[in-house]
Amino acid sequence: MSAIRYEAPTSISEAIRLMQADPAATVMAGGTDLLVQCRAGVKRPSAFIDIKRIADVMSVAIGPDGLRLGAAVCAAELSENRELRQLWPGIADAASLIGSTQIQGRGSIGGNLCNASPAADTPCSLIVNRAECLIAGPAGERRVPVEQFIVSPGKTVLGPGEFLVAVHVPLPRASTSDAYLRLTPRSEMDIAVVGSAVSLTLDAHGVCSDARVALAAVAPTPLLVPDAANALIGSRLDDAAMTRAADAASAAAHPIDDKRGTIAYRRQIAGVLTRRAAAIACRRVKGGY
Amino acid sequence: MARVFLSNDMMSGTGGLDVVTIDAPRVHELVRELVARYPRLNLEMFDRLAVAIDGEIHNDPDYLPLKSDSEVHFVPRIAGGR
Amino acid sequence: MSTRHHFEYVGTRPIRHDGVDKVTGRAAFGADFSLPGMLYGAVVRSPHAHARIVSIDTSAAEAVPGVKAIVTGRDIPKTNKKVWLGGEGALDLGDMGDNALAHEKVLYDGHAIAAVAASTLEAAREAARLVRIEYDVLEPAMTLERALAADAPILHPEMTTGGKPIPGATGPTNIAARMEIKRGDVDAGFAEADVIVEHEFRTPMVHQGYIEPHATVARVGADGRIIVWTTTQGPFLVRDACAGILHLDAANVRVVPSEIGGGFGGKIPVYLEPLAIVLSQKSGRPVKMVMDRSDVFRATGPTSGCHIVMKMGAKRDGTLVAASASMWYEAGAYKGSPYGAAAMCALACYNVPNFFVEAYDVVVNKPKVAAYRAPGSPMSTLATESLMDELARRLEMDPIELRLKNAVATGDHAPYGPKYGPIGLRQVLEAVREHPHWSAPLGPNQGRGVACGFWFNGGMNSSATVSLDSDGSATVVTGNPDIGGTRAAQAMMVSEELGIPVERVRPVVGDTDTAGYTDLSAGSRVCYATGMAVIRAAEDVREQLRLRAAKIWKIEPDQVVWEGGQARSLVAGDDKQPLSVSAIAATLAKTGGPIVGRASLNAPMAGPAFAAHICDLELDRETGCSKIVRYTAIQDAGKAVHPSYVEGQMQGGAAQGIGWALNEEYIFNAKGTMENPGFLDYRMPVASDLPMIDTVIVEVANPSHPYGVRGVGEVPIVPPLAAVANAMRSVTGIRFGQMPMSPPRVLAETTTRREEPAVAMSS
Amino acid sequence: MATDVSRIHVETTINGEPVEFLCEGHDTLLMALRDAVGLTGTKEGCSTGDCGACSVMLDGRLVPSCLVLAPEAQGRAVTTIEGIAKDGKLHPLQQQFLQHAALQCGICTPGFIVAAKALLDVNSNPTESEARYWLAGNLCRCTGYDKIIRAVLDAAAETQKVTV
């Protein structure tokens, strides 16, 4: 077996050059999915292009424009970031649920997106916050909404020579908060059987003026569910609205039967988690945590 | 005379008889007496059996002494996991 | 045998001797051993669950640079030797050899077919990938139902059913053996019953889940002497098994056990060892082989999945009158499931005047099962203790009351025949009733379950030597790898006998050339049987010390007694100061040379162990997710030598049982491939899944041991399945017969099944 | 198969000492520590990041060394189980693990101690629940976690006493 090369570029342009020079090379951020796949023989790249020495992909910045999350920043760094936790508690929820403490010390948001698993935790939490992927490539930079970034299991919109540099999350409007919940048989160290992210905005009268709902592990890709959001918008998030949203989430879910859960179970849980996540987000808007 | 309780597997060799009394100084002699009495039993099958003498189970009981009133049970050998 | 009651060291909690090495990373486990010039091995495994091997082409693999040797089944003629070490036909060396390297057929996903040794691990793996195997794929028998069907795919065409014959059975079969145990007249018993309960139970194949993968280094010298360094529960068994499988003289094989990173029964068989030996023979170089986690799941020995149908009957006052059970245990690819123990354990807690239990050993296209902590008992106990719970509900009786009413006591006959000696089930049940947990209030959505459990505990062969040094310190050597703190216990026994501090005793795990023959570290036997050898060896030292004192004092040996850790003169009017161990030790060279005490024995089975566990479970009714919120394990240990490690066994066994009850299972797809061969999807409990596990050690002395020790390691895994199922019954009103009670199954059952007539628990 | 010419030379710091080793691009830090550097205290339980036996700290952050590439260690600081005891004195965690009998077979112990050290570095006074969730990535099959959690909580209390 020929050895796999290791490259550690220090700039985005150098990384793009390396990728163009060797189409069989693969970008590595935390490596928590990639190295497992290589070990299992699922992937056999010619080189690892470790992007963690590029300052731009390793930083978290919150400014007037919103959040710029470097693609290779590890999950632990997100959940430890107080300002981030306050503004986007649902994103912090998702980051703190990935794998274990050890995995969170390596696994990144960028990797979580690029691995393109239907069961990934952070994409849904980003989608409900209208986040965009910042992609660098030979033709320059482009932006893609997170919900369009993942095309199918294991496949993203990234073209040859392109890689995910950062995720941009706009600042939440006033009276807005979010939450992410997932169901796993174990309390930790597990993969979502179903995940649900909800973002809510309330108006001055406590009426829900905007909402986004996204589900994990119930479709080939993270699933934005406008019907569930619409069930909440215009309501005071009363039981009836919550139940309608839950029903809409269950109806939108089109999961598969696999070792982690059945179709019927996943449908039912999609509703339960959506209702619970909405309740948490609502509580957070109202100032509770 | 020791009272000897046969295991279920052995009973097909004794025509269904499950308790016999045998006068033997040790398990070694007892087993040979059993085989002599019931030719459908064979010595090899005793390798797979343990013997409880008055409640204490032994895997290799051949030369253990029997009392005149001993209660002897043949039971399958058991191994454990920890 | 008289049992001691006063102890100086036994019952204390010293720091274990191997502890500092283990908390600083210095302890050397299986994979930590290396030799200069060593090659690395890789195994070629079957992707099919059942197939005939048509051809094996190793030419491409041989061409990989760095490849030094390849072994296939052709290199090892199949043996027909058997080793009756563990009984139940489990250790048929022909089967074990065929399991280590398939000959004509592959019988499960992951079955080893060939192995390669190369100068790097990468080269070995690459070569393993290039071994071309042509298969004639056969239909696999993946379930008991399929394996028992009239048109079932047959794993071993030559196999016949052993044990109690099956009336009317003819032709090829997957039933390797059948047994029956019975008492009284079952039909008459049920006719007498006022209440009869019946249920069906299914448990999946589960793995011991030790964290250390199997690892071996083998070196064959130019003189043909073979040394194997390996992680095992039984170095002597590895020696004898490798010799048998490979047609070697065992006298030329030395097996050196490493520190062992968990076993629970799973590190008894050999897997890599024979392959590493052959690769080393062929290459002339040492060969190291380490399994990866998926190999461990796919190709070592989990415990049986099973199907049990059971029925119990009682009088209105709770007296059990009859029980019947049929149980089918998966053996995996070769005969030898724990069906016999399962049948014998099922009713071992209770006096049942009329019963009939039949058990079947069934081969299926899954990995060959190995022992797993009290093999067979957790499943059959799930059945019994679930039905006891149902009986208590139907009879509106306190579940402890019902159990106490029927509990076996000293002098009662065990269901498998002999009379019980002193046993502690009643004391354990009374301890449950007195424990604050039993009467604590439950929160919303919480339920409580209780269950008992039984295990025989093993005896068998052990040897020990105790060498005294001139400074008064001592070394104790035995042949048992230390899985859970047995070295500390052995040192404490030497201390107890010689009166020297625990820190001055060095416990050592010997190898097959340096220790006397010793059976496995298994069957809850080490502290009991090997401990007994250690005590005898220390007594031997003490006797020699007494003689030396007589020599020093120039008096007759019978004028010297050993008291309070010292030699005392009995000569009237004698003012000689008593001599301590260290005082005599200082004179060793002058008084006749070094002192080594030795003992070896073949111990009878230890006194049976009984346990009872209390489990509180909280259910999320909308998701089916459950959490164990409180758990208490109570057990008769006979005598706890090092109570911390006894508690540790109880807590660890409980945690494994909880995992089995809630989430663990082998998942196979339709082709027979294991879908979850990793720790992510084979869900063993993690720290946040469990509460503290409270323990109560009951001590009813075992008369077969000088200190009263019983085995403790196995019975803790017996009650949890039923304790958790009974808690689930209590919170859902539904009797779960199928394990695991994973969230999807719980939600499906609770939303589709009607509640059974529920009577609240009286506590 | 001498391929040393293509191997990567890594200069790193392990347990405070400068260390150099050679590795392949695809070697993991776990392999480098165990095979190239000879520090076998870090254990391999799964190599898929699911058991925690290979836990080390990389620049102070807890990571699974099986999912770190060896060349990544270039210029970084690695702490392994061998670096937890200082100047021949056991760390309070190590002492408490011994006192509580928080190990049986001991294979998971190095990973637990490194992970617990990382916990105490960021949370000197964890609750039982915090300790359980933090350590959920470390599998132990022998103890049922009870004594491990007690050891960690007592070590935290002891460390607090020392710092106060």
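Letters A, B, C and D mark the chains as written, and numbering starts fresh at 1 in each.
One rule holds in what follows: a residue touches a chain if its C-beta (ideal position, glycine included) is under 8 Å from a C-beta of that chain, and two chains touch if they have at least 3 such contacts.
The model shown is predicted, which means the values in this text are computed figures rather than measured ones.
Enquirer: So, comparing C-alpha centroids, which chain is the farthest one from chain A?
Expert: Between chain A and the rest, the longest centre separation is with B.
Enquirer: Go ahead and note the Å separation of the Cα centroids belonging to chain B and chain D.
Expert: Between these chains, centre-to-centre, one finds 55 Å.
Enquirer: If you average the CA atoms of chain C and of chain D, how far apart do the two points sit, in angstrom?
Expert: One centre to the other, that is 29 Å.
Enquirer: Cα centroid separation between chain A and chain B, in whole Å?
Expert: 68
Enquirer: Name the residues of chain C that each touch 2 or more other chains.
Expert: Residues 122-123, 208, 263-264, 292, 483-484, 649, 680, 685-686, 688-689 of chain C touch two or more partner chains.
Enquirer: What positions in chain D touch 2 or more of the other chains?
Expert: 24, 47-48, 50, 133, 135-138
Enquirer: Which residues does chain A have that touch at least 2 chains other than itself?
Expert: Where chain A meets two or more other chains at a single residue, that happens at 3, 39, 186-189.
Enquirer: Under the stated touch criterion, can you name all the chain pairs that qualify?
Expert: Once each pair is checked, the touching ones are A-C, A-D, B-C, C-D.
Enquirer: In the complex formed with chain A, which residues of chain C make contact?
Expert: So the residues of chain C in touch with chain A come to 122-123, 125-126, 129, 292, 294, 622-625, 627, 662-663, 667, 675-676, 680-681, 683, 685-686, 688-689, 742-744, 747-748.
Enquirer: Can you name the residues of chain D that touch chain C in the complex?
Expert: Per the touch definition, chain D meets chain C at residues 1, 24, 34-35, 39-48, 50-51, 53, 80-82, 84-85, 90, 93-94, 97-101, 103-110, 113, 128-129, 131-133, 135-150.
Enquirer: In the complex of these two chains, what residues of chain C are touching chain D?
Expert: 13, 15-16, 18-20, 22-29, 31-32, 34, 65-66, 118-120, 122-123, 208-213, 259-264, 290, 292-293, 483-485, 642, 644-645, 647-649, 651-656, 678-680, 684-690, 692-693
Enquirer: Please output the residues of chain A touching chain C within their complex, sorted ascending.
Expert: My answer: residues 1, 3, 39-41, 183, 185-191, 193, 259-262, 264-265, 268-269, 272.
Enquirer: Which residues of chain B touch chain C once you look at their complex with the stated criterion?
Expert: 5, 7-9, 12, 47-48, 50, 52, 54-60, 71, 73-82
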